[in-house]
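When the chains are written out, they are named A, B and C in that same order, and each has its own residue count from 1.
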Amino acid sequence: MAWREDLRRVRVIAWKDITTERRSKAGFNSVVALAVTILVLFGFALGPEAQALRDAAAGAMWLAALFAGVLAFNRSFQVELESGAIEPLLLYPGSRWTILAGKLLANALFVGLMLAIVVIVGVTLFQVAIPKAWPSLLGLFALGAVGLVVLGTFYAAMSSRTRAREVLLPLLLFPMLVPVLLAAISGSKALLTGDLMHEAGAWIRLLIAYDIIFVAATLLAFEHVIEA
Amino acid sequence: MNETAATMNVPRSRAWSLFGVFAFVALIAAQAYAVLTSPADRDMGHLQKILYVHVPAAWITFLAFLVVLVYSVRYMLRGQEKDDLLAAAAAEVGATFNGLTLVLGMIWGKPTWGAWWVWEARLTSTLVLFMIFVGYLALRSFVDDPQQRAQWSAAVGAFGAINVPIVYMSVRWWRTIHQIQSSPSTMDSAYVLGLRTNAIAFLLIMIYFIRRRYELARLRRATELIADAAALGGM
Amino acid sequence: MNAESSLAIDAQGIARRFGARWYLRGVSLQVRPGEVVGLAGANGSGKTTFLRVLATLLKPNAGAAWVYGHDVTRAADDVRRHVGFLAHTAGLYEDLTALENLRFAAEMLGRSPDGLEASLDRVGLAHVAANRVRGFSAGMQRRLALARLMLVRPRLLLLDEPYANLDAAGIDIMNAVIAEVRNAGGAALLVLHELAPAAGMLDRVLTLVDGRIAAEEHGPAANAPPAASTLALASPAGAR
């Protein structure tokens, strides 16, 4: 019984986050716009020679998604903090991990959408050919997105309540995301160039392990972090 | 959680002062032994001697992070502020040894690889670890409420520690997949004894530093609690 | 468990600070079921902080408190099941409609989503059920927050300046809700800036000065403007 209640809370919180974000004018659109702008700037920094751009495409796309994503993560708690809605939220009796789980789902959706747009724009700007192994590429992107979202959301729960939130979130988050970035970028690069060394599989397994470990760890630790 | 100044206070003990003296003596002795008795390496020459500090410092860095993990988890399970203070002390000591490891690694690397920095697996992982330490310490400096600071640090410290092996693996794969030659790092048996004795000496130093830092933190907290009690006086 | 578990509120020596400043310096009070108690005091006297400690939003630095026998620090979830808390800010989701805000609360509380329209009607917001909260006045937001609070079916009301921003009709609704909870055997603690809107509702008024209870008025006197002596106490006393 308690399980079903918890799942219901997760679903409700995810719905609430998605709906409020959809209806707010700013939000998602500006995050996507920022990601695209960053991609273009990478183009200027690394181009205009075609081969150089193709080599750097995977890295540029993931970094653009990361930098724009940082904004999205802080926003996912901003709404509640600004309107004071965090207090009523904490006053509903029940497991705290459901709050994080709901926000993880909503953020995964947003980051996934943003990543999709980044890929479409990136593949165009950086003159990348779509490989035969694009389903694997899709899977890699999904796993990488989860990796970004899990710790991004968790650390934002803390950083958004400090006085230095803009600098603290990247400072905490970026070193922790090194495995995700290495796996996602190297794996993407490999798949985009035909994966002659069959390395993509290893990177995908690393991402799966990372995702499982940190989804579990964050759900366990969330109540310590949200109540304080 | 409801600590008093009395339970926080920790008197300076003679036993630990003696231990500190012993640790420093051991360090000097181990270094002298290693530097004076080790032969010149056929490739590195006497540059090899820097490894007698660099390698133990690296081991201590990882060990310190392990202490951070253990005490962070302990804090989350038991909620005792002392565990948080010990974890923070270990993080500071660890970060210091981490910086030392990196600098010595770069000094050793310049003549060896010809550059101040190469993206070699272990050096790079150590750099990422340093960034994680810095994040942990930055978080602590931005949070004023002791309980919030302890709760948040525990989560960040534990997660950072869990991530260390994952970071190391991912950086190593990143290197080997691009078929970069791994650095000449295996030690000749002639050097092993010197390394081991220095490792033990460094371990003693680490324990001493963490202990002193922890004592200082507890004393600070005890004075805060005394001030609290004074402010509430006459309840 | 506290021996007197029949007490709605049993607070002993609650102290709380933020940074270097102590907002509560040892507040002890008791509220019995069926009582409606007012908590008055100047700005910064700690009234809101105390309410938030009872509502389990803050942990005290010293002291302990129980709500119907449940410790506010150790049995927070049990406390939350019985408490309806109304804060300064309504804490609503501005991009959701009034009905959606209530539905979210109902789902989070495990209550059925039926009867939400009736709840809105009760606080006079039925005509804006499908409007986003962003356009609501402060008074309307307060009413919606009240409707949300009632979904808890609280046995204890902790209300922070409940009459702020309310017109006469709103004040009547607020008092009706307080009366309903009281008549059902519950209790209420109201943080008040002025006593007039609560006329006739209060059994007692306690005054907080500088983080401590300084005065208590009972019965009819409780509903009069503060006495001159209380006013003198209400100005910050010299050095700490």
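Here is the rule we use: a residue touches a chain if its C-beta (ideal position, glycine included) is under 8 Å from a C-beta of that chain, and two chains touch if they have at least 3 such contacts.
Since this is a predicted model, take the numbers as computed values, not measurements.
Taken as a graph of touching chains, this assembly is complete, with every chain in contact with every other.
Closest to the middle of the protein, by Cα centroid, lies chain A. With chains reduced to the mean position of their C-alpha atoms, the one farthest from subunit A is C. Subunit A and subunit C, compared by their mean Cα positions, are separated by 39 Å.
Centroids built from CA atoms put subunit C at 49 Å from subunit B.
Work out the mean CA point of subunit A and of subunit B, and you get 31 Å between them. Residues of subunit B in contact with two or more other chains: 147. Of all residues in subunit C, those touching subunit A in their complex are 55-57, 77-78, 80-81, 83, 85, 87-96, 100, 104-105, 107-110, 132, 148. Interface of subunit B with subunit A (complex): residues 76, 128-129, 131-132, 134-135, 138-139, 142-143, 145, 147-148, 151-152, 154-156, 158-160, 162-163, 166-167, 169-171, 173-174, 177.
Subunit C makes touch with subunit B in their complex at residues 13, 15, 17, 19, 22, 25-26, 59, 61-62, 240. By the touch criterion stated above, subunit B contacts subunit C in their complex at residues 2, 144, 147, 228, 231-232, 235.
On the side of subunit A, the complex with subunit C involves touching residues 5, 8-9, 12-13, 16, 19-20, 23-24, 79, 83-94.
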